[in-house]
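As structure tokens, here come the structures.
Common to both upcoming complexes is chain A, partnered first by chain B, then by chain C.
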Partner chain A sequence: MAENLAPNWRLREQRYQLVGNVCLNCNAKFFPPRQVCANCRGTEFDSFQFSGKGELYSFTTLRSAPAGFENYAPYSVGMIKLDEGPLVEAMLTDVNEDELAIGMRMEMVTRKIREEEGERGLIVYGYKFRRDNENEEKRNARR
Partner chain B sequence: MNQVMKPKREVGIIGYGAYVPRYRIKAHEIARVWGGAEDALPIDEKAVPGLDEDTITMSIEAARNALARAQIDAQQLRAVWVGSESHPYAVKPSSTLVAEALGASGAVLAGDWQFACKAGTEAMQAAIALVGSEMADYALAIGMDTAQGRPHDALEYTAGAGGAAYILGPAENALAVLEASYSYVTDTPDFFRRAYQHYPEHGNRFTGEPAYFDHTLTATQNFLELMNYTPRDFHYVVLHQPNVKFPLQAAQQLGFTRDQVIHGLLVGKIGNTYAGASLIGMTNVLDNAKAGDRILLVSFGSGAGSDVFSYIVTEKILERRDLAKRTAFYLGRRELIDYARYARFRNKLVMN
Partner chain C sequence: MRDVSIIGVGQTPVREHWEKGLRQLAVDAVLAALKDAHTEQVDAIYVGNMLSGELTRQEHLGALIADQLGMSGVAAMKVESACGAGGSAVHAGFLAVASGQYRRVAVVGVEKMTDLWNGSVTAGLAMAADGEYEAANGISFVGLNALMMRRYMYEYDLVEEDFAPFALNAHANAVHNPNAMFRKAVTLEQFTKAKKVADPISLFDSSPICDGAAAVILSRSENLNGNAARAISIAASTMATDTLALHDRQDPMWLRAVELSSIKAYAQAGITPQDIDLFELHDAFSIVAPMSLEAAGFARRGTGTYLARDGEISINGKLPISTMGGLKARGHPIGASGVYQITEAVQQLRGEAGKNQVPNAKIGMTQSLGGVAATAVTHILKGK
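Take a look at the complex of A and B:
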């Protein structure tokens, strides 16, 4: 029997679309979604889709990867301060370690995260963040 | 007997989006490894997907670009169709995952299309029919591939990665209105991949005259004749592009000038993106076209067949094209890799 189908499936909205929630009492936004508001302890929420834009708050590079991620090592992970407030931890992609800098604009993309049971199992997809440098590249193109 | 296909309701492209991975390998780097002739390379360089990319992730990004330009809610889509020869699963649709990631899942058709390099335009034909018949208002058609070439095979030089997504909808909301489409198909075994095989087989020179050229030229000539058009009636022509030479030669034989072809000819910089090849060429044309321009889009897929479409660009192109990343952004975003990293990225190293 294929492994870990249900636990991955339950997280599909969060992982594919960056859907968290917003407290109906104090408007605080959370990712991942919370059951009790960390700000006002309210328990009424609406789901909230984040824009996926933010800036790099901190980062590091993993050279010795945990099980299931060996194929990607070395790779960088970061904390991204989303424009709507929350800090999200995620793998970073399409970026070399020496390009990373705190405060850099980042954007969410959907990528392969890992494969369960190697080539036989489920392919797990989810959010990663990459440098949001469309505007930089536009400026470079004009030069 | 009406061979040209025209929908009952006028249909057009509401939104479009491209995607190309960040990595590139030079054709001369591949030639260096295998001792190939460096003076006769089919392209300059090709795009290579990163370790965490596949047809699903690439389709999602292209489709998000298309949705941003279409300015519709993903829940308005009634079809999400992905054409590819590199679906990550042998059994399990790419399209349901793409739909879920876009926020389109629920009351929507989803399916994966397979027709070698014609899979994407086949999905586009079906999307036109769905909207044109008034069964639905909006349908998403994607052509995307992470093409596989056997090491040391001629196709290794060109098998690239990338593609494009199109949202078809009613003509009154379109940035390019469809005039008509056409399809020409025969059973021609120029290229195929059997089940459980990693790499496709091809017929070398047999892929040229009886396959690419016969279908591309016949389909285009028949369409032009049926529509009473000549090459001069079009501002741009986008052809399937397995290498730089074939589409330029086909265009010349059809009577098109180099200027008409060049905006839609990306293969030299990203490689042959298979089901995405003609469709991503078209995105670059749309990025540069002006209202009133007529565009001829011609795909070719091995096996074999060609789809032909004629679109007329509307003024809505001006307000839509900068709502998402242009194709030039993806072409400009590039990191060169050597053959060793290429071998790692394409899973050619035996790890256990």
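Take a look at the complex of A and C:
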């Protein structure tokens, strides 16, 4: 089931740079970007690059993976509350399952998401989130 | 709008049906419902299904099922809204009869899940969520429910065991339902020792992969002919939506579509939540049960598990739920579940639920959800 490049290519700004958008009418920020503002239904936006920093809102570890991800199971995924507001869902990386805790500082990194088999198989890259030790220490020092 | 009644119900047992395909299951259920309604013909057929293309390489279910029933010629179509397809199909059938366009319709929910291996089914089910931003990141459907459950436990200071009564109740009720997949009671010890699928969700928090079909025959209430005595009227049929992706919600701890469709349903039926005698909710995962109880107005925010703890959800409680086993133990053949719920509520309101009969059941509510409740379809049924 070889997939075309296009559906991955057209999401490149989102997957590699966490580019969303901001509504010019009400200033609401979105990731992923929207065509119609979920807050005021405005249709004019500027693109907006998120910092990739945030806090862990929730997490789990998947023991059985959907097709295409079998080779990576078990793996942890989470919801990250970005500092600019939106929640984003992603795989978590560079962290042990038992260290994960709600509220932990996280940062975005670009990683391989999955690899298709076969000669024409795509290697899909995108964002994952890892523990942001530096910011966690700073925050703890402030307390 | 014309009043609409349910004059017949039918269902196949929920199983791994190795010897039957999607078409056989659907036809079995419709034939049983037609027999129950003492009728042979309908004007239209609505097929609730989510994944026939992905799991059985078959779409165009309307024409297929009409043909296999020997009814080619009637209007027929598939209705899809992920795991809420069954409820949506009944809603479509209800509107068709209420509008006056059709006098009598059949609605069948069907899902054939066991023809592919589990990884492909898991990938298929993930299509209920956002393909580009949830499924593409390897987040399965159970994964999304686990993310919700973990946060819910954190916000309301709960542990896994607080959810056990939902699973125990569903399994206890399934024991006496011959059509249920798991006819075995579960103990608290078994629940706490169960393997985690996606922590904090364990095997006993999750509904199974299975096959099944359920059907109802809807008719104008004004000409029920010989069916008047057993007819159950549809007092409300409502539907609402929420953001498809969990991450797009302002408040991921509140099922907005459940709230909206419930409020609309109470208004349409002219009742309040206190009038409901039983509630077939969408317990695909334990976490959905308390969140549904809250958003549908039966419990305050964060207190949905208390109803279960206090025994209020059992057959003899204040608000019996999953009375024939629910999605958890009757089984959750995805697009069929919403129709199973209605079939079971009809059994209750007719007084034909056997050992699981809710005493004096007059008003039943069913709620079929799609995705992480991005779709909610609510029905309120009234008996005699």
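Definition applied: the second predicted complex is superposed on the first by the 128 of 143 C-alpha atoms of A that agree within 3 Å, B and C clash if a C-alpha of one lies under 4 Å from a C-alpha of the other, contacts with A are read in each partner's own complex, and residues count from 1 in each chain.
Definition applied: a contact is a pair of C-beta atoms (placed from the backbone, for glycine too) under 8 Å apart; a residue touches a chain by one contact, two chains touch by 3 or more.
All of these numbers come straight from a predicted model, not from anything done at the bench.
With both complexes brought onto chain A, simultaneous placement of chain B and chain C is permitted, the two fitting side by side without a clash. Vertex at chain A: the C-alpha centres of chain B and chain C lie 150° apart in angle, rounded to steps of 10.
Legend: residue contacts after superposition of the two complexes on their common chain; A:D94 is shown touching chain B, with no touch to chain C. By the touch criterion defined above, A:Q17 reaches chain B but does not reach chain C. Contacts of A:Y72 after superposition on the shared chain: both chain B and chain C are touched. Looking at the shared chain after the overlay, A:E134 reaches chain B, while chain C stays out of its contact range.
When the two complexes are overlaid, the chain among chain B and chain C that reaches more residues of chain A is C. Legend: residue contacts after superposition of the two complexes on their common chain; A:I113 is shown touching both chain B and chain C. Of the two partner chains, chain B is the only one touched by A:I123; chain C is not. The minimum CA-CA separation between chain B and chain C in the overlaid arrangement is 12 Å, rounded to the whole angstrom. Across the superposed pair, chain B and chain C both touch chain A at residues 72, 91, 113.
Partner chain A is touched in their complex by these residues of chain C: 118-120, 122-123, 126, 132-140, 142-143, 146-148, 150-151, 154, 195-201, 243, 245-249, 252.
Per the touch definition, chain A reaches chain B in the complex via residues 12, 16-17, 49, 71-72, 91, 93-94, 96, 109-113, 123, 125, 128, 134, 137-138, 140-141.
Listed in rising order, the residues of chain A touching chain C in the complex are 7, 11, 14, 32, 38, 57-70, 72, 75, 77-79, 86-91, 102, 113-114, 124, 126.
Residue ranges on chain B touching chain A, taken from their complex, read 22, 50-54, 56-57, 60-61, 88-89, 97, 100-101, 103, 325, 328-329, 332-333, 335, 351.
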